[in-house]
Amino acid sequence: MDLDYHALAPELVVAATILVVLTLDVVLSRPRKYWTAFAGVLGLAVAAVPLLTLAFGDGPETRSMLGGAYVVDGFSLVLKAVFIVGGYLVLLMSVSYIESDRYYQGEYYLLMLTSILGSLVMASSRDLITLFVGLELVTGPLFLLAGWRKGSAKSNEASLKFFILGVLSTAILLYGMSFLYGLTGSVTFEGIREAGADLLDSGAFRLAVLFTLVGFGFKVTAVPFHFWAPDTYEGAPTPVTAYLSVGSKAAGFVGLLLLCYKALPSVTEIWGPALWVLAALSMTLGNLTALRQDNVVRMLAYSSIAQGGFILVPFAAAAASNDAAVIQEAASATIVYVIIYAFMNLGAFGVVIAGARRTGSTMIDDWAGMWRYAPRLAVLGAMFFFSLAGIPPLAGWYAKFAMFLSILRPGNAWATTLAVIAAVNAVIALVYYARIAKTMWMDPVPEGATHMAEATGPLSGSLTLALGISAIFVVVAGILPFEFAGVFADLAKVVTTGI
Amino acid sequence: MVLTQFLILGALLFSIGVYGLLSRRNAVTVLLAVELMLAAVNINLIAFEAFWNTAAAHGQIFAIFVITIAAAEVGIGLAIILMVFRNRASGNIDELDLMRW
Amino acid sequence: MTFSDWIAEPVNWAFLAMAIPMVVAALRVVTSRNVVHAALFLVLALAASAGLFILLSAEFVAWVLVLVYIGAVVVLFLFGIMITRAPIGRETNLSHDTRWPAAAAALGVFAVTFWLINGVTQQIGGFGDPLPAVGRATPTGILGEGFINRYLIPFEAVGFVLLAALIGGITLARKDLTPAEEEEGARV
Amino acid sequence: MVSAVASATLILAAGDGAAGDLSSGGFFAETAWIMLALPFVAFLAIIVVGKRMKGLGAELAIGAMGVNLLWASVLFVQNMAGGIYREVNLTIAEIGTLGITDKNLAFELGFVVDGLSIMMYWVVAFVGFLVFVYAHGYMKGDVRVPWFFASLSLFAGSMLVLVGAPNLIQLIIGWEGVGLASYLLIGHYWEQKENTDAAVKAFMTNKVADVGLILGTILLAPTLGSFRFSTLSVAADIHDGALEGVAVAGALLLFFGAMGKSAQFPLHVWLPDAMAGPTPVSALMHAATMVTAGIYLMARTFPLYQQMATAARPWMVTIAVITLFVLGFLALVADDLKRVLAYSTVSQLGYMMAAVAVGGYTAGLFHLFTHAFFKALLFLGAGSVIHAVHSNNMSDMGGLRKEMPVTFWTFVVGSLSLAGVIPLAGFWSKDEILATLGHEGYTAFMWVAILGAFVTAFYMTRAVVLTFFGTYKGQGHPHESPRVMTAPLVALAVPSVIAGLLNIPGVSWGPIRNFTDWVGARIVPMGDYHPKAIEWDLAAYGLIAALVGIAVGWRLFAPDADTQQARDRLQVPVLYPLLHRKYYLDDLYMKGVVNPIKGPLARAVDWVNGYVIDAIINGAGAGTAWLGGLVYGRLDQQGIDLLLNAAAGGTRGAGGKLRLLQSGKVQQYAGAFVGGALLLVVAFVLVT
Amino acid sequence: MAWFESAGLSLIVFLPAVGALALFAIPKAREDAQKWLALVTTGLTAVLAVAVAANFRYGASEKFQFEVSESWIPAIGARYHVGVDGISLPLLVLSAVVTVLAVIYSWDHWEEPRNVRGFLALMLLLATGMNGTFVALDLVLFFIFFELVLLPMYFMIGIWGDSAKRHIPVLGRTVTMRLYAAIKFFIFTLFGSAFMLLGFLALYFRSGDFLGHNTFDIPTLIALGSQNAFGSGTFAFLVFGAMFLGFAVKVPMWPFHTWLPDAHTAAPTVGSVLLAAILLKLGSYAFLRISIPILPDMAREWAPFIGLLAVIGIIYGSLACLAQTDIKRLIAFSSVGHMGFVMLGIATMTDVGFNASLIGMVAHGLITGLLFFLAGSMHHRYHTREIARLGGNQKLMPWMGGILAFTAMASLGLPGLAGFWGEFMSLLGAYRPLAGLSLSQFQTYMVIGAIGTVLTAGYMLWMLQRVNLGEPKAEWSDHEFHDVEPTEWLAWAPLIVAIVAIGVYPRIVLGATTDAVVNLARNAFGG
């Protein structure tokens, strides 16, 4: 066993945190259960430390262990950072939400941390088995968390729908993977890459690739594999939804990235057009559908479908060219988008959580005139929503910019067409994002809303912290993309060279 | 014995699972259908393993992971079904239409 | 290889002996009007597949399947069925009206995969040949080594999956206690 | 060509002053810009402090004009003695090369002091000064005296900028400046809608004409590489045949501009309406100075017409003759005294234009010169009457010769001068125009012009008779105007009588020479025709026409000047309605052009904006929203139902459909999932 | 003053943004302090802008000065590259100065719901976007600033705009103007700029073919453009078209203009002023800064089309004005016509035409800005913008009426005031467009444009007649009207002075621009 404990440290810390939370949950009496939250948050913070030491300690080198089955390199470090920071923010948002009701706190954090652990595993996986198990580790707890509001019929439904479609997607994914393995004789990405090049013309291989993609398409809510998302997002506890739309979705993209760039770079002809179609469909249908939503969570669900489409665009770009530089740029565009999307979408959900507490509703119309009684929240809301819409100088612009950059680079007609579709969609998206801003800023306060707002009092500290972190990121990264805190600059290079 | 026969058997099983998944009303039976699909995956994996016949036995290991995960999922699924049942006194999934629009 | 060649091999008789009941059982799983019967047909199908595994020299997997599935999972199913009080007698409405489209979809899936599988065995050399591994059992040690060496991380991860499923499942499935009851439970 | 002109201009620019045998003038020529600037100073000063002054700012305006008059007089005398030429240009911007010239085209401001401009300076200053003085009395007690004098000063300044312009750009600035002042002063009593209507009409008519001026400038300037008149003159002198096309087009466009300001048919319609302004305004702007700007422009660009754009002449002279003849008739039916004078002005401007158009540079300018005196005199006289009777209408006047002797006698002098009775100024100038027309071969037009002289005399007689003879028909007791108003009348009567003597053909008055010599002091020789001796036969025809006109007028109106019959005597069928409706031109413009644009066309565009262009946009927006609803409602949430329903064969009928809609949500999602995967595989495996 | 050379422009750009942040350090109730802070910030910015103009080397106005180029987004090679040349200098100064005036005007003009701090902060943010656009020399930077103006303006219109209802044909709905206008403005502009961005990126990629590395640097791309590197094929066509969409919407050119009347009408006074005075210029400026020098051959091919849309805009805008019943909407439509002249100048592809567009932009900024100030102040007093209900304004408020008349005259292009030069030079350019363009076509444009000046005069005079002249309506008889107030004087006087000064001495603007545009035309089209 050639274990590199330094490289494994983040996972180990998270795993240890899970056990600590488990223990605390058993030991602590009910009023003290918030310590589990504290432990979880602290654990994630500690897990970030080895990330930094790995990244900057002796340079971002590639650390491979267990015969190449598990690799820690720039690519995985960046993504792990996203998962840990994103998870950290979700936990912060969860605190008051989970505390405020009779939810099972200890178990909640345990499941959440387990899911985060799964995403860490995925980021380092370099074979189908690890990838698959990691994915299940991400998803399994989420099936349960989606139904965490046990008393709510909506939550039950969310959970069941998510679960049934989830296992369906797992089955399809596995069926595809079985062929991937079967036709190449290898479960490692490297082996698949080497053998796959000769299988380009094999229909069964194509089936294998496409079924595997479909499995991940479920995670990233690509149309038409998205149907579970709106119902689940709406029904699940909002912090869980936030995590679903960010962490779990990012995990899906990690799977796609690994699959497309590490395992199947030689057969772009297979997955490129498929992802082109999924990207176009997701952007267009997601946006069009989001136009008609009255519930802010549901709207964010469709928006997240559309954003998923945007994130898929660079894949199509990579497939449209054989140039290594183009492919690298496409990969980094996806990663950049995922990073920025994580922060802004989490911010948006933070606003939703806070706004729902303020108004007692997630219906957009009930948020009318919010800036009069909750100006800071309204400012933050406008910031995150317009960032999602890609309006400079908020960070979202750079995500879209990088996406456009990648899709235009190949310069062929298909790629350019997709760019135009994306451009039109960017405009459509503005409509519903601006609609929320409009409601919060420009509509009169409905009767009685102010009293309710006064009654609920100020935001909890942890939620404020989460919103603050997201907001600072969204602004700073928008003005100085890639220079934020000077941290990611080097890693970004690794991203582009590591694949 | 050739590889094809197992693959076709797997495909048959997988398709039957698909049919069950799409047509069954009861959540538990839907879950049963999924188990059929996973069984198809396992047949594929083992058949391919036999075909490649490598020393490392990746296919079998994969199959064991699949079985384990499937078991965990059944547990999760039944827990969810149970919870739904507590609230609704019904195991039929087609009555889940709160969020129709 | 023609069908007559194929059928001449005794091992294929064994294959058919397991495959045909398996398919029939699978069909019954998805068509049975009784949930319990459906679950029991699943046992049959899985048992048949375990038999096939043995035929393919994957004994360990076969026994895992028997133990885990037939021994645990199906029991779990039966518990689930009973707890949710799904009617144990004959049921008339287990399937709903979507069964024709569902059948169409399933047929579509099968047709496509069948066609592609045929294609691959004809196009690519080796895929159509008799399976080499038959009759040569895989040493279980290799599997064990795989689990604690190359697949250590997923092995551990599966542990966490099970842990999460266990804890989460219990949390979701259990009847909520009132705070008062809980206090009492804590004291006990 | 461009280079030839450029080099010629360069020679000129080197001197930036005298050319040929002309002197560069002295101090007063050098600092002539002060004349141009003074009225603007007065304008600003009146706006700021006018209200608090004793004379409500009139003294500032009068003072400025007084200084100007002195200044202009000095220059006038200097130029009499020997020609002056001085041109000063200050570049206010370089604007680029248009890709055709070596150096940047430049916008310039400056002033030119030569025979033409000195004459104009003096006329503007002289008439202006007298009118200002007159107005000081006339406007006493008006609602906004300071603003009135400020506007007058603005006008005077703009007019001087115009006539002093050494280039087309500055000319345009002055041109539109006087237009603005005209607009402001016509609409001086802007509480009444008819006044503002008249002001807008004046502005708009001129604006239409200005299109010609601006386009003409645009045509000529890039060709020449400069906006300067001196360059234009030199270029015309060089006469490159290749440029004749541009020259003719440019000349016609400039002429179109002049038609507006100088009220040539059919753009004259604004001038009679402009009488809505206070009478001093009519006297100064709408008789003596502003309306002559078009003539001035023709004179300023005269070498162009004389040397290159001769092809444009027939068109121009035709317009001018129509103006002088046809529009004179309108004065016959007007009851408003000022309108009679206004139509007379239009007609006289036609004479000037006809002269300039056929090459009678001196003749046209001389008529401009004399006309300024007697027409200003007539207007001021009319103002004096109006001041007394508080009405513009001759039907409210009559018999005023006894009550208002000074006004009466000066008015008669003016009328006779206008009618062209020897030896008054109008006779000489009109005669020279007739002679020029004849000499240049426009004989038919000459006879029309002579006929026009008859009409002139006829309507002026009518006006004098109806105003001053018979008995008074108005309200109250009219009395002679104060000295401040009668003094300018007398001062104007003098040149109205004697000015003609300055340009008797062939007569040169020693050191002060002849009018021809004064206005001929230009950078290049004008090469125009002016008679060397009096053509007595022609003079006789003109004189006879005038005298017959007076006689007929007297005969028709004098015996029963008091009665309605006299006034109605001209109401002959066909002709009268035609004249009364002003040849229906106003109707044509309003009903044929303005109203359709303001009404249906503007509304149509607004409709297009709202219902077509914006509708497409809104439609796209609504369509997207609708599509969103469709995608969400039908496809995302229901589509699978429909799909499955269709696949199910629809055998179960409506009830079955309803049941389908209510069931199996999750399976529908799953179906879409499987279906999507299947489609992907089919599309990218089987098809490709 | 080396520091000024290097930091001057950045200060002009970012000082307002810093001011916007600093505003939130002041408690909400202390409105005076907030106003003073905003005034000092924008005032300082304007002083700096004027200082830049004072230290500008006019002899070398075709060169970028006060240039700064720093690393910004190394991953894509986008740099923080700013600088001014003769083309951008007048617009930069205009932008900085008008912002101060807007702050001064705001001093005692607040729309409901009153929120001094928020409004000022948006205004300052807007200033950063506007100033930044005019100095950006990197396509990405340009894009950021170009878009940065959207958010503040969206909120300005949406929150403080006109709450009147308006029935929208086709949509079949009655909408609240401010909401409708805000989102319309936003979507239109974003739609255009999405395509503009695609165009930028395409340039970026193609530049690599010539340089070996891809670049967003505008001067570098211009250098490539002057060698006609991008040619006139499909690529250039699409890129030009994409950028055209972005810029034309912003200008706005017919038929992309329909956001403008709604936005201008609905916006609060200061919003309308900034919108008209500065924001519209971003588009036309971008043509001169980006489209034409980088893709000259394509510009030449597009020129007749641009010219056509421009003259349609001139006529269409004027005719639409004649049909308006709302004074602000009338002024808004007049912008369509005036920007038509600006675009006609650009379409001629001559130095004179470019000059025309630049001085036209400055003049339109001053004049229409002032007109919107006036319309706002009148609305403030009459509480209506219905032309039919006004009348006799000259009598009720002589100074206000006088300034309105003055501005209307300037707007209709009276020679001697700023508005004339742009119109005149556009027509002059159209008479002799770039060699190779159809003479007869452009001369037709010239004639139509000239007719447009008549229509312009027509609606302006008609507006004056109905608003300013005549007797006041009976409904105002017992109203107390106060004439122009001190803050209004302070805000307007500089504009009035500038309109006259530029009218009499256009070198104030053209002195900076001429060498630059001559150089631009020469580099782009040779000769």
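For this structure, a couple of remarks:
Order of writing sets the chain letters: A, B, C, D and E. Residues in each chain are counted from 1.
Methods note: contacts are C-beta pairs under 8 Å (C-beta built on N, C-alpha and C of every residue); 3 or more make two chains touch, one makes a residue touch a chain.
Since we're looking at a predicted model, the values are computed, not measured.
Taking each chain's centre as the mean of its CA atoms, C is the chain most distant from chain E. Core chain by CA centroid proximity to the global CA centroid: E. Computed from the mean C-alpha positions, the centre of chain B lies at a distance of 93 Å from the centre of chain D. Mean C-alpha position of chain C lies 69 Å from that of chain E. Chain centres here are Cα averages; for chain A and chain E they lie 41 Å apart. Averaged C-alpha coordinates put the centre of chain B at 64 Å from the centre of chain E. Contact of a single residue of chain D with at least two other chains is seen at positions 621, 633, 663-668, 670-671, 674-675, 681, 685-686.
Each of residues 96, 98, 101-102, 105, 109, 112-113, 115-117, 150-151, 154, 158, 161, 165, 168-169, 172 in chain C touches at least two other chains. In chain B, the positions touching at least two other chains are 7, 14, 17-18, 21-25, 30-31, 47, 51, 58, 61, 65, 69, 72-73, 76, 79-81, 83, 86, 93-94, 96. Every pair of chains in contact is given here: A-B, A-C, A-D, A-E, B-C, B-D, C-D, D-E. Residues of chain C touching chain B in their complex: 1, 6, 9, 11-12, 15, 19, 22-23, 26-27, 29-30, 35, 38-39, 42, 45-46, 49, 52-53, 55-58, 60-61, 64-65, 68-69, 72-73, 76-77, 79-81, 83-86, 91, 93-96, 98-99, 101-103, 105-107, 109-110, 113-114, 117-118, 121, 127-134, 136, 138, 142-143, 146-147, 150-151, 154, 158, 161-162, 165-166, 168-170, 172-173, 175.
Within the complex formed with chain E, the residues of chain D that make contact are 91-100, 104-105, 107, 109, 169, 172-173, 175-177, 180, 183, 187, 190-193, 196-197, 200, 203-204, 207-208, 210-211, 214-215, 218-219, 221-222, 597-598, 601-606, 609-611, 613-615, 617-619, 621-622.
Across the complex, chain E is touched by residues 332, 372, 382, 386, 391-393, 397-398, 401-402, 404-405, 408-409, 411, 419-420, 423-424, 426-427, 430-431, 434-435, 437-438, 441-442, 480-483, 489, 492 of chain A. On chain B, the positions that touch chain A within their shared complex are 7, 10, 14, 17, 21, 27, 30-31, 34, 37-38, 40-41, 44-45, 47-48, 51-52, 54, 58-59, 61-62, 65-66, 69, 72-73, 76-77, 79-81, 83-84, 86-88, 93, 96, 98-99. If you check the complex, the residues on chain D that touch chain B are 633, 637, 662-667, 670-671, 674.
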